[in-house]
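Take a look at these structures.
In what comes next, chain A is part of two complexes: it sits with chain B in the first one and with chain C in the second one.
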Partner chain A sequence: MDMSVKKKLGLKEKYALMTRNLGWEPSYEKREDVYPLLDYEGIKIHDWDTWEDPFRLTMDSYWKYQAEKERKLYAIIDAFNQNNGHLNVTDARYINAMKVFLSAVPALEYNAHRGFARLGRHMGGVGPQVACQMQAIDEMRHCQTQIHSISNYNRFYNGIHDWKHMNDRLWYLSVPKSFFEDACTCGPFEFIIAIGFSFEYVLTNLVFVPFVSGAAYNGDMGTMTFGFSAQSDEARHMTLGLEVIKFMLEQDPANLPIVQKWIDKWTWRGVRLLTIVAMMMDYMLPKRVMSWKEAWEIYFEENGMSLFKDLARYGIKVPDCVEQIKKEKDHLSHQAWTTFYAAAPMTNFHTWIPSDDELDWLSAKYPDTFDKYYRPRFEFFREQAEKGERFVNPNLPQLCQVCQIPMLFTEPDDPTQIAYRQSEHDGEKYHFCSDHCQHIFDNEPEKYVEAWLPVHQILQGNCFAEGDDPSAPDFDPIASVMKYWHLENGRDNGDFAGSEDEKNFAAWRGMTTSNT
Partner chain B sequence: MSVQSIRPFKAAAKDVAANFHGQQVVYFCWDQHLMFYAPVAKLLPPDITFQAVIDTELTPTYSRHPDFARIDWAAVQWFKDGEAFTPVLDTSLAGNGITHKTAVHFKTPGLNGLNGNGF
Partner chain C sequence: MSNVFIALQTNEESRYIVEALLEDNPTAVVDEQPAMVKINVPGTLVLRRETVEEKMGRPFDLQEMQVNLITLSGHVDEDENEFRLSWND
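This part shows the complex of A and B:
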């Protein structure tokens, strides 16, 4: 008897059936009612079917790959925990870099999940819908694995016991939070340029290098493994970002100025966000991977520029802000670390003055600026600390209305002078750290006047601990804000030297290497 | 230009003066003294005199800097939202035209931070 066995589906056929053929044209609802977000940003798409999905990944293969990745990742994370892998890091100061990462990034991943899930619903073609849905699931996976990493560190070290609570309240964490909320409140096209292109494509290596290579250099196998597991998704995300931008530019010439404006905005927003990454690379990794300046030169000035050259045929220009960033690369990390050092009582991690060999490393990496401007600052701080008068600036800083970073950045051509920019809208004054943040505000003032700036919220009396009475004679506003943040001053922050973290790490490591 | 939105909306500015319970935010910065890393945000009553601001706000904020004790207050150059001005010391902030979210900066000629280096 002849059996008629159906041939297994080829890849192309499978992709067609499981992706493109899932879509349909609505017959009793208007298309614009089904996809209400596609027009208002001004982007014109004439033919969604010309979208090319470079990966041709279907959901069944996606689940298979991801499940395999998860199994490997959790096997390693479990082994790391069973063996007290945290005691193998170079130096317990490193864990503070992880605290910054774990306080800021899981919430970013979760918001990326929300954003891409929304795009999976609202994109006008099946190809990008499916690609966005997969990315939404990836982002959720990254968020979950990071939360598992928090719990492993939280068992042993201070400052990350309430990361979600702090993420919504703590002053410096409003910087990443507001970045993503800005993106999530954009239309679908701007969101994908913001996150898929500017952040994940243009700036991705600058994020990846300090965390994942940093983890590898500093003996943190758990984080390194997580990083590689996530990075295998990033390749897909980057390609999606690039594909979307090319698709938009090919669809209609009127899209070019809109896309250019978004690239300019989000490159700058991304770079401002990376200030903290610059600081981690130059100050927080006991074993350095490379300097922030070197990373910027390799990953932006070389690799990023070749990307812009590729896009030049569509008329895309390198964002103007790049000139300013080139000037700031010699200053950024030093200005950020001296800020966090001076703001010690308001953070959830420890700071320190670099050791002599670290100061020498910084001098070598920043020959034009470090000895002239920044070494004397650390020497002053050290002198003060040795006298028992550790320097602290207990004042609340003025924040930039757009990036929400304290106004710590100096004029691009004068590293001794803070840059101030100011606009007026509806009779109110607004202040900015730079021309580029000011331009972003001036383009959409209605959006940024609604910013939840932590300093202003504190001054409005909205950030005191529940039950505290600001009119009581013995009311201590700073103590009340700390309580509201769920931070214990001196235990969760302050100097690394003499901290509970330092003592515990030394004691536990001692137990693994000796018999007493 | 203005924000693009799905439907019209009226933006609600978060930091209007009315939200600060009768007080106002004023930013101060001692230029060329980056030890204090950023301008400071102070919550002040509009009727406080400028001299009182110097005595009760700026002095505790900045006196830790070795330059502070050497300031010749008569020679200080003041700026209000970027424009040079001469404050009337026994007059209120409001009388000096310093309103909610005004940025006041001051320069101390000859005192430009430790080693004259802006710190």
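This part shows the complex of A and C:
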């Protein structure tokens, strides 16, 4: 009898059959009509077939592993809800870190989905098409699981009852929103450098350390779980980012200056975006995993530099902005938290003055700067609060035209001086937080003059609640803007001490340990 | 020589993967963090399917690791027997 043994396909063979062989050359349409976006950025690709996905993940395995991840995730989310998991967090102040995350990130995931879906269609070879399509589905999954996770918290805590509405309107949320919209309006190659390389590869580790490890450390099983589930896709995304950059650089030496310019731009854009993460790590996690500065040193200075050392063989240089970032690591989180503290009536989360222990921790982690520049500010805030004159900045801040962050950063070499840059375009003045944001603007002014800056929009009268009459004698502009954002001053924001969140958490936690 | 690294969720499967990594990479350094374990190795890291199978006592497909993976650093090269991370500096 003929016993034919059915040999299992090797990974490389399977990848060839189930990915590469899915493509075809068009016969009755011109290639440039099928892929119309590949030329205008100036990137030259000579042979799309030399691309290979190092994970060699085929669609059948993809679905199998993704289904497994979802099963694990939803089992834990159910358990979290059945056990009132939100009451196990270290301290209810922690929930405010989640408010920031859940207000900002689901919309980013959705935009990442849109960006990669577009690339899945427009990349010129089947290898990157399939990898981008997988990432597009991943990002949709991240968006959905995060939206599900919002309901673990917004049933109990204030400020995130209408995250999508706020994401499109609230001042600080325009920072992440405009970052991704900037990327999505780039050509396909710049998009993948922006998101796949600069954001996913160079910076993503700085995000998951505070969110995932930080959530675990602070007893938040729900967040740890969706964080890990999303993160498990990230290694594949990072690898795609790195492969794309190598591929572009290997295809044609003329690609180098274009790629370098994008790396410089998007490293800076990403680092500016992470200002808010710096603040969360140093101020919003009651149990600290590590300081922002430490995370920066491990994941950027050590790991990021290994990457740039590796890419040096293609002629890639470390972005110029790294010099400035090095100087800012001692200041960033403190400048951001003091800004949010002072802007308390205009946010969707609570702020607080760090406790004495926490101030000491900050002094120890930032020996060169904290006692000298920042501790006195918190002591001043505390004195004011004790006198019943809680410090609030009543003004709308000037925003950087590029990163959209309020002008809160100081000069790299003088932490007592706010940095301020200005360019003119078509007779109008534009303001920037730094040389690097200014430089980005000066390279593409036509793009960045279009920015929707929340403060400008408020001042132009475009952000008042429907039906309010700005010419009425008793018109209160700030109250009207809050209504437009769907926020209730004092309930959704302001001091954590004395808040409804604080009282509810204490009462509910009490109920879990007593019978009354 | 720069480090490559891999980080996994702390769980029952990762425990064997970490054991296999430590056996196959004598210069590996383990860094335990809340809910995650990070393995740093100078230059190159290799994970062998056979070693993992020996530790787990069952057949193992290296792509199963995707379920527990958190992050990595270095160039990836994978086939059915080996998963490799390296820098070319």
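The rule is short, and it goes like this: the second predicted complex is superposed on the first by the 503 of 516 C-alpha atoms of A that agree within 3 Å, B and C clash if a C-alpha of one lies under 4 Å from a C-alpha of the other, contacts with A are read in each partner's own complex, and residues count from 1 in each chain.
The rule is short, and it goes like this: a residue touches a chain if its C-beta (ideal position, glycine included) is under 8 Å from a C-beta of that chain, and two chains touch if they have at least 3 such contacts.
Quick caveat, the model's predicted, so the values are computed rather than measured.
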| item | value |
| --- | --- |
| First, second, both or neither for A:Pro36, with chain B first and chain C second | first |
| First, second, both or neither for A:Tyr314, with chain B first and chain C second | neither |
| First, second, both or neither for A:Asp426, with chain B first and chain C second | first |
| Partner chain in contact with A:Asn393 - chain B first, chain C second, else both or neither | first |
| Which superposed partner A:Glu444 touches (first chain B, second chain C, both, neither) | first |
| Touched partner set for A:Pro406, first chain B, second chain C, both or neither | first |
| Touching partner for A:Phe156 - first (chain B), second (chain C), both, neither | neither |
| Chain C versus chain B, contacts on chain A by residue | B |
| Of all residues in chain B, those that touch chain A in their complex | 1-6, 9, 11-16, 19-21, 23, 25, 27, 29, 31-32, 34-43, 61, 64, 81-82, 99-103, 105, 112-115, 117-119 |
| Complex contacts: residues of chain C adjacent to chain A | 2-5, 9, 33-36, 63-64, 66-80, 87-89 |
| Contact footprint of chain B on chain A as seen in their complex | 36-37, 40-42, 187, 335, 338-339, 342-343, 372-373, 376-377, 380, 391, 393, 395-399, 406-408, 410, 415-418, 420, 422, 425-426, 428-431, 442-447, 449-453, 455-456, 459-461 |
| Complex contact set, residues of chain A against chain C | 10-12, 54-57, 61, 65, 68-69, 72, 204-205, 208-209, 212-214, 216-217, 224, 228, 231-232, 234-236, 238-239, 242, 289, 302-303, 305-307, 309-310, 312-313 |
